[in-house]
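Chains here go by letter, A, B and C, matching the order in which they are written, and residues are numbered from 1 within each.
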Amino acid sequence: MSGRRWGGWPGVVAAGCTVLVVGLQGARPSASADVPPSPLYVTSGPLVQRLALSFDALVADIYWIRAIQHFGSTRRSRDPGKQYDQLYPLLDLVTTLDPDFNIAYRFGAIFLAEIYPEGPGRPDQALALLEKGFAARPDRWQYLQDIGFIHYWWLQDYEAAAGWFLRASQVPGASWWLETLAATTLTQGGNRDASRQLWQQLGADADHDWMRQEASRRLAQLDALDDVDRLGSIVDAYAARVGFPASWDEMVAAGLLPGTPVDPAGVPYALEAPTRSIDVSSSSPLFPLPGAPPTLPPVP
Amino acid sequence: MTAAIRTQELTKDYPVGFWRTRRYRALDDVSLDVARGEAFGLLGPNGAGKTTTLKLLFQLVFPTAGRAEILGRPAGDIAVKRRIGYLPENPSFYDYLTAEELLSYFAGVFGYQGAERTRRVARLLDTVGIESERRLPLRRYSKGMLQRVGLAQALVNDPEVVVLDEPMSGLDPIGRRQVSDLILGLRTEGRTVFFSSHILTDAERLCSRVAVLARGRLMSTGRIGDTDVFGIRGWELVVANVDPVRLDRFRTEGVSVRPIADDRVAIDLGLETRPEQIASELVAAGASLLAMNPLRDTLEDYFFKTVGRANTDDTADRFDA
Amino acid sequence: MSPSPVFPIAASVFRESVRDRVPYNLVIFAILLMGASYLLGQLTAGQELKIIKDLGLAAMSMFGLFIALFIGIGLVSKEVERRSIYGLLSKPISRAQFLLGKYVGLVVTLVVNVGVMSVALYAVLGYMAVTESEDFKRGWEAPALDPMLIVAIGLILLGLMLVTAIALLFSTFSSPMVSAATTLGLYVAGHFSDDLRHLDQSVDSRVAGVLGRLLSYLLPDLSVFDVKARVVHGLPVPFDEVAWAVGYGLVYIVGLLAVSILIFNRRDFK
């Protein structure tokens, strides 16, 4: 009696479906079927990933929000001992949970390397992040470009930078100007015009407002550097004759300048009597100009 | 004409226990027949296997051996379920539904739609007398009302055979009367009624044939009057104002005389006596005859006699260890 | 030919879900979404669209899981415990039809709930599409009213239907507590399918590796229904992948239902 109840069409269907399920698993179309799980990092990324189940993307968003807030609040803070120590771990977590989180990589590229106290001053972390990004998304030439940018701007290693720009230019879909940039970098690395070109292109290709703003700021700083040079020669000439000026009014009165010189942000330049040099005012948004010796973050 | 219900050597074992499963024999080799249009009572004490028998008819449980048939089709046959109805023991449905909604739901399961469905539901509610409370949720119903709703859902499809499990259990006298009348009504309509009970008087009023189940076994089957189970074994005279001397004489003759209250007494006379004669004797001597009742064995008396044990619910016996 | 008894049973499941106040979740969902979209603008450097989409899809997934789980584990066991099952099974309805009716009812409940949540999500996204500047929109990886979202939602729904079938299976023979624990366990395990398949890469024992691979083939692979991240980033989801997931889901569901019927068919209702 009970034997009969075990069989019948439900049993056949169940058996058939089991076979089909196993067979289907073997015949999975997507390439991700046999991709090994993400490599282990020192962070707790993989653990979080397992805990997040299918809500990886949402958790990545949460960490991204935290990364931005951490960066913003630390930057604004006046605490002399402030640390950006959370920034890289958070960005790393975001990109482990969601390897396609493009903006996290770009943000890291720009701001992780930013010299203290504007940023953590860790170009090595920025490079690690970008390399991770490119490993996950080999179609993202922008990450290679950013690596090149870091070598150029922060590490002043122009040969390496040119190499990275060249590699970037070889990724299908890369911007046409990367090859030119590589060449320019190689020949004129450090030259202000090359830098100007770099920032102009970064600004034109920017994904987001803040990238554009950063590019504008950098270009303004480059202009300021030009200004400082020109002003410097005028002031030097005056100093040789009369002595270092006490204020710009002196120079204006002497007819050497049409008015108080202001930087691209509209803030008057500062005369540094002790060093006999000219710089942007410390109250200017362009302060400090690139090329100033970096300050190290305080030991925690 | 095929029997309305037929069981052949129906046996049911239940596995009991988690690790060492023993088997508990709920039904053992039960064979009975219910003819069409008959009202049949399945009697027995609690634990006898009555509910199991009824559930086997609807394949709510599966037999270990033997078979059951309803209207010539094997138990559990979907087509034959269109022609039969079932009232489970202590029915409980969906207590957040109203009676109307419940019956409408079941009518939908049968496939009745639209106007036909509404008509049936209204008629059912009317038949069982739940007209005024039909919009109340079932959780507000009394036991008697629930039982009547249960009866109604068993009749949704106008069944030829109605199977009722302890239809009058737990009811107050009014409820019992109401349900009893409804069942009589089913009989009058020509339906076959098969119900289980442990109360003999219910069977007496409602059915023509009975089967007695005890400890999973069929003890006897037959017309109520015929079986020795329910045979009359004596008479009880309830009289008042009897001359005490006469009462003493009864006692010395070995006749049981039980005082009831005031000066009323109950005199138990054996089957061989002529109770009407003794009654008229006493009345002639000035007593008043209040009642003359037949004395029957209760089911418990019967089991006590035939099985010879004090405890009729000796389920331990039916385990195979 | 009278209509199948599957439908009244399915309808009763849906009605009971309404009675159990399941739709109130939808109100919470809608409020959550709109509140979040308002706040997030201040916080995320231009990522509101992505976050709204992620939030919407994730919440849909989670609410759907709750519904599938909490109603699914009681689909059969509640009827048996209430003893109302006698009234039903004594009617002309096969046990298979009873189970299918319950399943269809819960699926309908899920479809309605997910559908309403989708409409709410699209409403918020539509608002963003209309109010944001063109400049801003250039930064979006995928359009606000992306039709691929429907694919993501559809697959979420299919995954929920599979979880429902699992819950129904356990409901046919075990108590709600055990059903809940096992179903939830399988849900979690279903997301580690890839890890199981590649167990041999992180574990030394060969037996464990083989076992892991075998389990990964048999256990329900729920990660195939999760294309949320790709859709939100505007990345392509190839058609054959979607078709495979749909086929896999349907076959698995049918198999689970068949096993449920198999078990339920031989149950005694004491």
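By our rule, a contact is a pair of C-beta atoms (placed from the backbone, for glycine too) under 8 Å apart; a residue touches a chain by one contact, two chains touch by 3 or more.
Note that the structure is predicted; figures quoted are calculated from it, not measured.
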Centroid comparison with subunit C (C-alpha atoms), farthest chain: B
The chain pair joined by the most C-beta contacts is A-C
Work out per-chain C-alpha centres and flag the one nearest the whole-protein C-alpha centre. C
Between the Cα centroids of subunit A and subunit B the separation in whole angstrom comes to 87
For subunit A paired with subunit C, centre-to-centre distance based on mean C-alpha positions, whole Å: 39
Approximate Å spacing (C-alpha centroids) for the pair subunit B, subunit C: 49
Any chance you could list the residues of subunit A touching two or more other chains? 2, 5
Which positions in subunit C touch two or more other chains at once? 266
Within subunit B, the set of residues that touch 2 or more other chains is 62
Any idea which subunit C residues touch subunit A in the complex? 43-47, 50-51, 54-55, 58, 61-62, 96, 139, 141, 188, 191-192, 194-195, 197-198, 201, 216-218, 221-223, 226, 228-230, 232-233, 235, 238, 240-241, 244, 247-248, 251-252, 254-256, 258-259, 261-262, 265-266
Going by the contact rule at the top, pick out the subunit C residues touching subunit B in the complex. 2-3, 5, 7-9, 11-12, 19, 82-84, 86-94, 266, 268-270
Quick one: in the complex, what on subunit B touches subunit C? 14, 55, 58, 60-62, 78-79, 81-82, 85-86, 88, 90-94, 96, 105-106, 108-113, 153
What residues on subunit A touch subunit C, complex-wise? 2, 5-6, 8, 10-11, 13-14, 16-18, 20-22, 24-30, 34, 36-37, 50, 53-58, 61, 64-65, 68-69, 98, 100, 102-103, 107, 207-210
